[in-house]
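First chain written, first letter: the chains are A, B, C and D, and each begins at residue 1.
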Amino acid sequence: MQRIGVFVCHCGSNIAATVDVKKVVEMARMEPGVVFADDYQYMCSEAGQAKIGAAIKEHNLTGIVVCSCSPRMHETTFRSCAKRYGLNPYMVEIANIREHCSWIHKDMQEATEKAVILARAAIAKVNLNAPLQAGESRVTKRALVIGGGIAGIQTALDIADAGYEVDIVEKTPSIGGRMSQLDKTFPTLDCSACILTPKMVDAAGHEKIKIYTYSEVEKVSGFVGDFTVDIRKKARSVDATKCTGCGVCQEKCPSKKTPSEFNRGLGNRSAIYTPFAQAIPNVPVIDREACIKFKTGKCGVCEKVCQAGAIDYAQQDEIITEKYGAIVVATGFDTIKLDKYDEYAYNQSKDVITSLELERVMNAAGPTKGHLERLSDGKAPKEIVFIQCVGSRCADARGKGYCSKICCMYTAKHAMLIRDKYPDVNVTVFYIDVRTPGKNFDEFYRRAVEEYGVNYIKGQVGKVAPQPDGSLLVQAADLLDNRQIKMKADMVVLATAIEPDPSVRGIATMLTASIDTNNFLTEAHPKLRPVESPTAGVFLSGVCQGPKDIPETVAQAGAAAVKVIGLLAKDKLTTNPCTAKPDELLCNGCGNCAKVCPYGAITYEVRQINDHGIREERRLATVNNALCQGCGACTVTCPSGAMDLQGFSNRQLIAEVDAICR
Amino acid sequence: MQGLKARALELLNDGTVSRVLGWKIGENTYDPEPAFFETAEAMEQFVYNNFCAANLSKYMIEASKLEGKTLVCLKPCDSYSFNQLLAEHRIDREKAYIIGVGCKGKLSIEKVKQSGLKGILSVTDTDPLKVETLYGDAEVAYKDAMLDRCHVCKGKEHVVYDELYGESEDTSDADRFEQVRAIEAMSPEEKFAFFQAELSKCIRCNACRNVCPACSCRKCVFDSNKFDSAQKANVDSFEEKMFHIIRAFHVAGRCTDCGECSRVCPQGIPLHLFNRKFIKDINALYGEYQAGADVDAKGPLTSFTTEDAEPGVVSQGGIV
Amino acid sequence: MSVNEEFRPKIVAFCCNWCSYAGADLAGSSRLAYPADVKIIRVPCSCRVNPMFILRAFEKGADGVILCGCHPGDCHYSTGNYYTRRRMTMLFSMLDFIGVENGRTRVEWVSAAEGVKFSTTMNDFVAKIRSLGKNVRLGDLRCKD
Amino acid sequence: MKKIAITKLNDLYAAIAQNQSLLLPIKRAGQTNFGIWTEDAEVDLQTLKTVKSAKDAFFPQSENLYTCYKDGKKISIAPEKLQEESFVVFGMKGCDVRGAMVLDKVFLANPVDNYYAARREHGIIVSLACSQPEESCFCKAFGIDCAEPEGDVVTWLTADYLYWKPVTEKGEALTAQVADLLEDADDKAVSEQKAAIAATVEKLPYANISLEGWNGDALKEKFDSPLWEQLYKPCLACGTCTFVCPTCQCYDIKDYDTGNGIQRYRCWDSCMYSDFTMMAHGNNRNSQMQRFRQRFMHKLVYFPANNDGMYSCVGCGRCVDKCPSHLNILKVIKAFGKEGK
């Protein structure tokens, strides 16, 4: 029989205002196994924890129930507390009487009754808890960063500077990411390439960093501290060890009609190409879809002109298997597809472009060499309209419910830059709200309006209609003046919503990292653990976690690096003891549990057993505790109930059911 | 039958097998019992007639632990059960020598009695069955005395065997899911009344479970304390429901529809309906699946597709 | 129970730790109310929920059981909820087959970000159970007194 | 001797049920078992053997012994009420009536089982002669006369009438309750039926099976016989034989948590089950052979040894009909007979 202590937290007035905590204490005392119950203002505080500790000592408690906030919040706190006072941390259960009770119910009697039942269920469970011992697993002192944008580069640099090996896997031929496509950055207007390129060079030159470009993560197995990852190094068709980066091949390549990914399709590139001049590595790849040699077998110009003899048409994809202790996801973002936004005529007119495309247009290395011109006829625009929140803050299913966060600022930047360089161009911005929280952000926006005369109109654009004269008719509502606006524009720029790069879904599945409905990776805690995935050993850097600008990305990248360093600094990790455990006397060895195990944690072995005097050899399931993550899929597949989950055992869950239905 | 007996004896005598698992002649034609034969002398009592309905595959679990090979006689439908047990590592293929025996539909003395005959003294396994009773002689058509399951025969092919003996016949002449569909068409009240009446007869004798080749757990969850579910009392109608639902669930995707459960129920509960409902649902939602047809097949409840139907399909017009 | 007294169903909600339990937490921190009839049991993954737990709840007097997990494809354990989906489809179909009102059981996928969905789901489920009334077809009479 | 036209049987049931509950063979979902009579019940006197015996009337498959209630940390115990009202079991066959007498030996011997004793005291048995015995019947081997069974009232069913003969005081009292419905009758039809039954019984294949060698002294030779090892093999370890048996009396005692308290109940158990008499160290019979042997040794050796030679088998033949593997007590008796033991 357990000796259980029940501790009811007031959480200031968060709980106590709605739940009669004294009543919960009184009712808890009636429950089997309970030898002590008390309440306190803040159980999680030092004094609260000391109270728990004193009770553990005084009443020889073997288990405790804390009626408080969500276990997702403070389970770890109370487990550490228990441990400090000599109680096994897994003898702690939490009754969530805040999020699941006091915060959602108004009626005191009703909330109190429910709190009593939730406490009862936790008490019933802890009555069946058994002390669990965490196991140990080793840590491979090497990190993997998936994505070579500014987030990935920064994370890798920080980890490497701390002295740990780190590999970057980038799916495109060069690191650099979205930031390399940007012209200027807000609110300082410094040139993006000027601040990014040195970091790229640092990363490439760092002795602890290995960069796999044109490569993708193919398979991930293992767990925190001990991941095994297969990286597919796609065939570049160019021998990187021989290539000097002279660029002759690209010049001579006869296939030059492939839309350039780097220029967002606004210009073309050759079949053999480096995405941009400062690419790292400065080694081209052959796009086999576009290459005449690969398509027809004839050509071979690049091979002929390459003096280094680096062209290798026979190169094959290579699979590299490497072990890592930690994995950082830094897969970044893309702009959403605009197929569902016909009203903005994006697919009908070349003069309707996205903001990211405008970055390329404004950039000296871009398709227009930095001249602001209409892509349809090359004329200089006189009237430019910016439309904000295209697909962001969207109530319907066409777009995203969230704010893309960066658009207000980059639009102010674009408007300001255009007005600065081309004072004769009128710039009008249609917006829902202008959101400028950030250091020097609002000042920046105000300068755009006040100093540069950008015309901001609060209102949604209903339609952009291409006119026979080549102009664009913009129909909008001015919400402040409450009037309909019809204006002609030469160019329309859409502040298109950003979304996580589509590749993140597959990566999340491989990593078993959870993802939200918008495909942003979920953090372990939205406030307290924002750079960690709930999957141990997986960390988040940059926009894959949520929209953010460059300084935020860099800050988060550093934070993720610190978490990785903290992990890699350990020699051993303690493993989750809530793992599946088979009862050898009940196991049939049927093999069904292994079929549903996502981690390959279950194997079978033939063992001699003594079943109440019957001695025989049996095929029995064995669980590798280091691999098992404790999902419990196996427990339901097992018909005899031989497979059980420690910490969430059949009998514990049934006891909770019983306590609730009583 | 004599040929089969001779062949079995031959294999026993030449040491290919250490024993024969077949049927032993009973007090009458209609009550042969499953039996192991280890000697030529014992083999004199070997019988294989049209009343040999028992599925012997489950006995192979114990036989697999014995020294030497066991010759086992499997009818076409039994061979599916054998395969399923094989897939779940419950039996050892190396320990079995399978003679796939011919089957033209098996007879049931219960069916003969249901035709209204009482005090049966003897019966033949011919078509028609000639029945001698205390109260007069009668004849019963073979089809009328056949087990229900044989009317939805899986076919005459054995899915696993070492050699075949005798002719088989596909005796199916009914729609396998007709009864299931009839119940599906009922109102919830009618369904409930139907199963309440049927299950209230259950005496929890466990015959259905113990005969079932899919219920091969060393210790059934209803006999262990793992779920606090070890109940033997039929005090309350809930217990029967729980037992039969969970039993059906545990064998879902594993049940070959051999029909032994319904054959052995002393209260005549149509237990196969539970299993067949699951089979019908699985076929409809996850693709046609016959447990035991392929040893390497992935079971429907240990696999998935990302496009599977949602559980809500049940309340949105049901699974059809 | 007198006829005037409002029927307060007993409802058990199994929530997976990573998505739905967090969704319930979010509903709480967003103060999105749903009836107190719902009591949540935390499980690591929806695939931990054994049909026996659900029947057990009904046996002991529950009027409705709802199971919430991560959206298919988003399972923390990558595939757990796919198994849940098949298992529960089968179980619910069987309950329907034996004449149990099919609204008494439900599966909903609720992500950690869907506090609103959690709350509306629970409101809707409770309303459904209230309309179905007391569970009499699937319960142990010994627990009813 | 009284009689009542079979067309009026429903009136008779209603009259009996007016004063006490009435159990009789009722067909439900295709099977006939004893159940409580109601207006719409389908009474079935034609089926010779109910699937389960009438044992439930006195020794239910499961029954509450007492209930513990919890109030805070205080626990109170409420014993289950014993049977206080009389009830009638109608249509019990000679074998089942004898079955109850076998149970008496167990439950009425010291210490008396109060639950059982109360039911026996308040139960009135109206037995029914077996007009058409069947092939699996061998009650004669145990000295039972199915043509004139024991009971408080004995009845015979002919094509037109139910003949009614009170035998005991309880029987007389019940007869008085329904006297209005009964008319006087002579013994002729009954005598004819008895003679016909006797003639049929002689033709039954097992009616005269020899029980020689089966007695309380046979323990040693029977227990160690190698025959068991062959006989048990097809046994599925199900409990069909025990649960349909009118004399099997083993039970288990269990607790059920109702949420508000604990109901302690007892329920039939079967010596065929692997968890029968399971103890902390395991089971004292850990092979199916031992369990199988137990059942027959108990019926034919241990029971007579303790009860003045009375077998705890009454030859009803239910296990013969119902065993999924076609195993049964007859095959066991005959197997040993062949060995000449």
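Keep in mind that, in the parts below, a residue touches a chain if its C-beta (ideal position, glycine included) is under 8 Å from a C-beta of that chain, and two chains touch if they have at least 3 such contacts.
This is a predicted model, so every value here is computed, not measured.
Shared contact partners of chain A and chain B, listed by label: C, D.
Central chain assignment: C. Criterion: smallest distance from chain C-alpha mean to the mean of all protein C-alpha atoms. Counting C-beta pairs in contact across A-C and across A-D shows that the higher total falls to A-C.
Distance between chain centres (mean CA atoms), chain B to chain D: 30 Å. One finds 70 Å separating the Cα centroids of chain A and chain D.
Look at where the CA atoms of chain B average out and do the same for chain C: the two points lie 36 Å apart. Listed for chain A are residues 596, 637, 650, 654, 658, 661-662, each touching two or more other chains. In chain C, 50-52, 56, 60-61, 73, 79, 83, 87, 140, 142-143 are the positions where the chain touches two or more neighbouring chains simultaneously.
Counting partner chains per residue, chain D shows two or more touched chains at residues 256-257, 259-260. Taken as a graph of touching chains, this assembly is complete, with every chain in contact with every other. Touching chain A in their complex are the following residues of chain C: 10, 12, 17-19, 21-22, 24-25, 27-29, 31-34, 36, 39-45, 47-53, 56-57, 60-62, 70-71, 73-80, 83, 87, 111-114, 119, 143.
By the touch criterion given at the top, residues 50-52, 55-56, 58-59, 72-73, 79, 82-83, 85-103, 105-107, 137-142 of chain C touch chain B in their complex.
Those residues of chain D that touch chain A in the shared complex are 72-73, 257, 259-260, 281-283, 286. Listing the residues of chain D that touch chain B in their complex gives 28-31, 33, 48, 51-52, 61-64, 132-135, 200, 203-205, 233-234, 236-240, 242-244, 252, 254, 256-257, 265, 267-270, 273-275, 322, 324-327, 330-331, 334. Residue ranges on chain D touching chain C, taken from their complex, read 256, 258-260, 263.
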